[in-house]
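Below: the structure, in structure tokens.
As written, the chain order gives the labels A, B, C and D, with residue 1 at the start of each chain.
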Amino acid sequence: MSIVIPLLILVLPLFMFLFLGLAGCKMSHKLAGWLGCLGMGTTTVLAYITALTYYYNPEFTSAAGERLQVVIFNQTWLQFTDYLVIKLGFLLDPISALLLIVITTISFMVHIYSLGYMEGEKGFQRYYAFLALFTFSMLGLVVATNIFQMYIFWELVGASSYLLIGFYYTKHSAVSASKKAFIVTRFADLGFLLGILILSYYTQTFNFIDMTNNPGGVLMCFEGATFMGCSLLTWALILIFVGGMGKSAMMPLHIWLPDAMEGPTPVSALIHAATMVVAGVYLVARMFPLYALEWNASTFIVVVGAITAFYAAMVACTQIDIKRILAFSTISQIAFMMVSLGVASEGEGIILHHGVGYMASMFHLFTHAMFKALLFLCAGALIHAVHSNDYTHMHGMWRYMPVTHITCLIGCLAIAGIWPFSGFFSKDEILAACYSWSPMVGAWMSMVAALTAFYMFRMYFLIFWWKEHPIHHGHVPHEAPLPMRIPLIFLAAVSCCCGFLHFGHFVSWNRMPYDIHIELGIALSSVGIALCAIFIAWKMYFKENDLPVKMKNMLPRLWDWCYHRFYWDELYMFVTHKIIFNGICRPIAWFDRHIIDGTMNGFAIVTNKCSYAIRGLQSGQVQMYVWIYLIGALILGAIGVLFLLG
Amino acid sequence: MFCCGVYGFITRKNMIAILISLELMLNAVDINFALFNRYLYPGHMEGMFFTLFAIAIAAAETALAIAIIINIFRVTRNVDVQGLDKMKL
Amino acid sequence: MDYSQFLAMKQEIGLLIVFLLVFLYDTFLPQRAGKGLPIVASLLMLVLTVAGFFTCFLGSPDVTAFAGMYATSPVMTAIKNILNIGVVIVLIQSIKWANGELMIMRRGEFYELLLVTLFGMYLMISARHFLLFIIGLESASLPLAAMVAFDKNRYESHEAAVKYILTAVFSSAVFMMGLSFVYALSGSLYFNTIGYAIIGQHSTMLCIAIAFVIAGMGFKLSLVPFHLWTADVYQGAPTSVTSYLSVISKGAAAFAFLVIMAQVFGAVYEHIWSWMLYVLIILTITIGNLFAIRQKNMKRFLAFSSISQAGYIMLGVIADNTMGTAAMMYYILVYICSNLAAFGVIGAIENATGRVSMEDYNGLYKTNPRLSVVMMLAMFSLAGIPPFAGFFSKFFIFTGALAVGTVAIYFLVGIALINTIVSLYYYLLVVKAMFISNEECVIPTFRSACSERLGLWITVAGIVFLGLVSPIYNWLLEITAPIASLFV
Amino acid sequence: MFENLLIYFVVIPVVMLAGLALCQNVKQIRAVAVIGSCCLIGLSTWVLCEYLAMRAAGEDAPMLFCGSWEWFAPLNINLAVGVDGISIAMLMLSSIIVFAGSFASWKIDMPKEFFLWLILLSTGVFGFFISIDLFTMFMFYEVALIPMYLLIGVWGSGRKEYSAMKLTLMLMGGSAFLMLGLIGIYYHSSVDGVHTWNLLQIAQADAIDHDWQRFLFIVTFVGFGVLGAMFPFHTWSPDGHASAPTAVSMLHAGVLMKLGGYGCFRVAIYLMPYAANELAWIFLILTGISVVYGAFSACVQTDLKYINAYSSVSHCGLVLFAILMLNTTAMTGAIMQMLSHGLMTALFFALIGMIYGRTHTRDIREMGGLMQIMPYLSVCYVIAGMASLGLPGLSGFVSEMTIFVGSWEHADAFHRVFTIAACCSIVITAVYILRVVGKLLFGPVQDDHHRKLTDAVWWERLSTVTLILGVALIGCFPNFFVNLIKFTFSPAIFAVLGLN
């Protein structure tokens, strides 16, 4: 494949960023918006060309049917040692091609959507510049040929996320949310960095292909290197996963994601639902052969994922802010993907069930990106209409926003896992993988799936039904403008039908084509459970009634904890402010000013004191002078004698 | 004798007395030289010569010192050495 | 008697001629012409200096005269020339003061006394016998007492003179006492003879003798604890005399001290006096600095600064090698320039406004930028800041000292270096006063006299070029090379 | 003598000094400053190109453009010059910052005196970087230090007299140690009794015996470490920077602090490899502390300059930390960090100066929402912040990563622990940078008087753009710089590794 198109995929967004960033302030909003869309559209087309060429051109398939990993280009960027070299390159393989499609599609949709949503906002051009920056970084991340390139773009993605969350920089909440997001992910990235350092120290390479194609060799490199009873490889993988936890908002590093909803809603759709947050999943998938080697690491992933999934689902059941509900739902769904990756193997390199977990995870990544972006964009349309994030200000919206209503319903059905919507297929595979790993995990995840259906429909009913819309000040909600409707419809369509894709043919753990089997038992039971959950939600929230309040009063403690997200934020506040800020920083600053500085000043003071102390010597009395003179001479003689004898 | 001179220098208040003490010290030196010459090295006369010169120098010193003390006396009407502490510390 | 021996004493004789000419001028020319005396004296000194350099460069051989009592060599010629330069600058700077109202009657005496002390210093430097040395020493210090008392109308001047004469006599008594012990031990007063005689002698008496000799010389050099007169005398004496005292007298004494220690007591360097000097140097530098920190009177401040500078000069003695000697001579030369620049400014300001307190210098840069810049250069040079000469001299003297190579010397130099920080502090205080502090009653803008400016220009040139122009130091090193035999 | 290009790094500033002394009005002064600094940038670029050409031609001497002219011949003191990749990088950095600094002090009071001192300072800096003779190196080092006193004392703000005095005394204290060390090196520099001050010859002879190496290493490292803001000798830095005028902070943090790191490498480690290998751990502890300690301290400061000063302590600590790792990668990282920190901290101080010049306060609690009022400056500030917290594409990332990868090459627990601690600093850095950015630039406008303020004018823009370009250039094309620097290390490192 020629180098031009892949290169353009990366360069075009970067150029748009620089161009809009530097020249944007001289343009009109409209021009900037259209330019942004045009650039993104071109990128999307190029990405599709690349991905489809990759999937369908036999050139990229080996004789055995295995899809090849192709490095389109790989340019040395920074050379540490002879072996450790950061290269900037373009790796084309099934998952990166998949992500290329996902990212460009969603990004393009968001670009179009924002034309309507962000209309008239101050800093419109800046917004598009940041979107372009984000897209560039995300694309760079997924096509990374080596782990350090991924780290580079990982950081860039974090920074663009920071900029976009803090887009409304005059709002305190937005500023602190962006700060929180950056710092939490930074903390996680520290783990990632350490993981990279450990891994590269032993393997002497950053290259993904070198590592993943020869997991045995990697294991050899780590021969005998242990720390606290675990192989250093495990530690490295866990640390790298910590990076993924940060970005993908796994417990306990999830706290930034709900707050990140302070950003504009399209941004939430793009970054905090569809693309950036799955970077962690992508990272693990990228390194899957290594994780498959280490039972400890993959089990860690499963445990973290399972807990997070349940936790986020519980919390989502009680939230009021629709974006927060969606945020927690995102956390929960990503946890699904993580679990799925974790359960794909059993350690020692043994892949379970043809690696269905891996495939399912990627599949869910794909479908989730579509329907979650859809849901967020719907939420954006609603917010655009009522100027509030709070569902208590919505209710009964079906009457006013039919398109939004229908598309949102499709999104909810998809996420709930109802046949024939896309979520059904991917979630089913995940559950199947879980059951084959351990029935307990399978049951647990089924429960979470039920919860998912419940809280999504809780939200749906509360927004669109429940009771008549309370009209304030004669403000009647209106349907979203055209630029916002197009993406909704497009994504809804995709969510409806992409489940029928033969996903296994494109993506599998060993890149061999693989046929998906729907396991009827699991499929039926999970749909059944989901329907039950939807039924309960319907019972409780379709019409205004006092069931929710009763429920709440029945389990007040639980409700409280869920509502307050199990007080994680407060815990973090306590740790950062009380312990780190007041307990470490302040004492250090005090120590510096008073002890260190005091010592230095102390030298000066002591010198001065000495100076005053001895001033009596200079008494002005000649006799005193002579006396000192004589004593001095005698002492001098004594010194001579002393050294002479001693 | 040297020690007496030193003692005198340190304890006397009157500058003239101090001057006399100084003379004592110088004379002690002279005697030292003369003695050493006479008893230790009777062959040469170096010590003796030195003594002669030292006496001359002592005289010059005394003259100068007295001149200055008189100057002081003119200003302060006093020859008390402990009063001379306008400049100190 | 071979009268050709007098030829060895070219410089002394030149100085005598100058002295006589000044004397004759003063005595026989009418009162009106008295105003010309300072200029004439300066010119004559300048001629002498130039002539001295000629002898220097034409090559003056090592000569001894008067049965070895007197000796001269290129090194000694050089140090005398260095002193001459200092004297010329002092004389130029004092022209205005000497032409003041108060001085009309006594102008001549000042110059005569000054020249006599200079002669004494020459003798000290060239003496190879303690008799001659004592004569030099006394004639270098007694007339100074008269000079210190020169300001008849100022009480401080008299007080300073009394303090000076009493301590001076006391110290010379101690010194001679030490000599008498040395004599008792060696039976001779020739430097060489004593040097040979005391080889292997490690008696308590020798220790006492050396201690007394060091004390006597320490008085002239104002080493702690023999320094106590310094501050009072510097403050009390007229500025010109103070500057003379602080550089010329100190420089001559330092060199003489070096000769005595190396030639007479060289044999017991390691056993006895190096340790004494260690202690003395540490005390001198530290205490000098500690006192200097608090001083408000500029002259007194410089007095303490010069005490600590003397400590650094002593590093050249303790080095006990040619590099140290050269560095010491260089240090003296640079010190002359820097200190005279400082005293020149102080004198100029004192003459113009009568103010000598450090607070008076606040905001000086606003009104008298040039004077402040000169003062700043002087301070930087004294503090050892490159690219000014003081840096080089300090560096070389440390280099010379460290050639000894023992742990003790590293320790000593370390302490000396730490003290440079303290000294930097108080030198910067002056700079701060001039450049940073603001004051209501700033010294008004004034134009200093031509002579003062000339003197300052010379010193500034010295401060700037003495370091950067390497041949000067190279030459000093070259001429000290032959005396390597002195240090065994 | 004048056929050697390097000598012009000293000649140009001296000519500038002379020119400034003759200037009559502020226009001429600015002209001299700008033309001179342009010449310096041109010269350093020229030297860089020539250097690369010579290297490409296969020249493999450790230093190029070597020249040596006798000065104090009996002591073997020469005016010896020579450069390798590191020095050239430093020269580039210095010339850029002098350039930016000249523009940043466009409207200073008493411009003549100010620029005289500033140029004298840069003379020292340039002279230091081109010297390979310990004596001249030391001389230029001190020349660079002392103008600081007046620059801060006269043109500074706040507790300027105290800070200026403290800074000068502490730095001179460091140089006192240094002088002892350098003379010590001189006396042990060769076996045959012909002592030399020449770095290359000393390194080649490798004659300093091990006991002395230990002593001299500690002394020289501490001496340079004071300037490199090594814990616990860093306290001059916060006060000094806080009181200094803009251009001086820029030059001081940007260039002068680099003298410390450069000296530690060039003298302490290069000449005493054995002791460096043996005693590095002492200073690793200290520098490791300063990395984390500086970052933590910066978190609670409220004065912009204090924040930055502590951040400098942390970043410069990283420089020394990396140098002590004694391997090529980490040392390359150290030099990269010097470049990077030099540029970005200069940018920071320039911006702080510009903001302070408008709002007349540096307390972040009294400001807010500046992004709405002065978008240009604020954006620059964000870029500087991003560079500081190590965003890829800007310089900080490159250097930090190189350092971490290099440090990680030591597999023992001691090094690992300190490396991990150093890595942690990047998180803390993010905390304090974002704290400032959040409080200062974002949020609502705190003080309504600030609404009237104007954004940057052209000279301020020029000054900042130059620095941002530098930061971005290093961040985007690091390999060029890394290759430039790396070649330099071989002899020094082999010397160290040979002992292992």
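Note that a contact is a pair of C-beta atoms (placed from the backbone, for glycine too) under 8 Å apart; a residue touches a chain by one contact, two chains touch by 3 or more.
Everything quoted here is computed from the prediction, not taken from an experiment.
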Winner on C-beta contact pairs when A-C is weighed against A-D: A-D
Inter-centroid spacing, chain C versus chain A (mean Cα positions, whole Å): 77
Centre-of-Cα separation between chain D and chain B, whole angstrom: 63
Where chain A and chain D are represented by their mean Cα positions, the distance between them in whole Å: 37
Chain centre separation (chain C, chain D; CA means) in Å: 42
Where chain C touches two or more other chains, by residue: 162-163, 166, 170, 174, 231-232, 294, 425
For chain D, residues that touch 2 or more chains besides their own: 169
Multi-partner residues of chain B (each touching 2 or more other chains): 9, 18, 81, 84, 86-89
Which pairs of chains touch, using the document's own definition: A-B, A-C, A-D, B-C, C-D
For the chain D and chain A complex, residues of the former touching the latter: 166, 169-170, 231-232, 234-236, 238-239, 293, 296-297, 299-301, 328-329, 369, 371-372, 386, 389-393, 397-398, 401-402, 404-406, 408-409, 411, 419-420, 423-424, 426-427, 430-431, 434-435, 438, 441-444, 478-479, 482-483
Parts of chain B lying in touch with chain C, wherever the complex brings them together: 2, 5, 9, 15, 18-19, 22, 25-26, 28-29, 32-33, 36-37, 40-41, 44, 46-47, 49-50, 53-54, 57-58, 60-61, 64-65, 67-69, 71-72, 75-76, 81, 84, 86-89
In the complex, chain C residues that touch chain B: 130-131, 134-135, 138, 142, 145-146, 149, 152, 155-156, 158-163, 165-166, 168-170, 172-174, 176-177, 179-181, 183-184, 187-189, 231-232, 235-236, 294, 300
Of chain C, residues touching chain D in the complex: 323, 380, 385-387, 391, 395-396, 398-399, 402-403, 405, 410, 413-414, 417-418, 420-421, 424-425, 428, 431-432, 435-437, 470, 473-474, 477-478
Residues of chain B touching chain A in the complex: 6, 9-11, 18, 81-82, 84-89
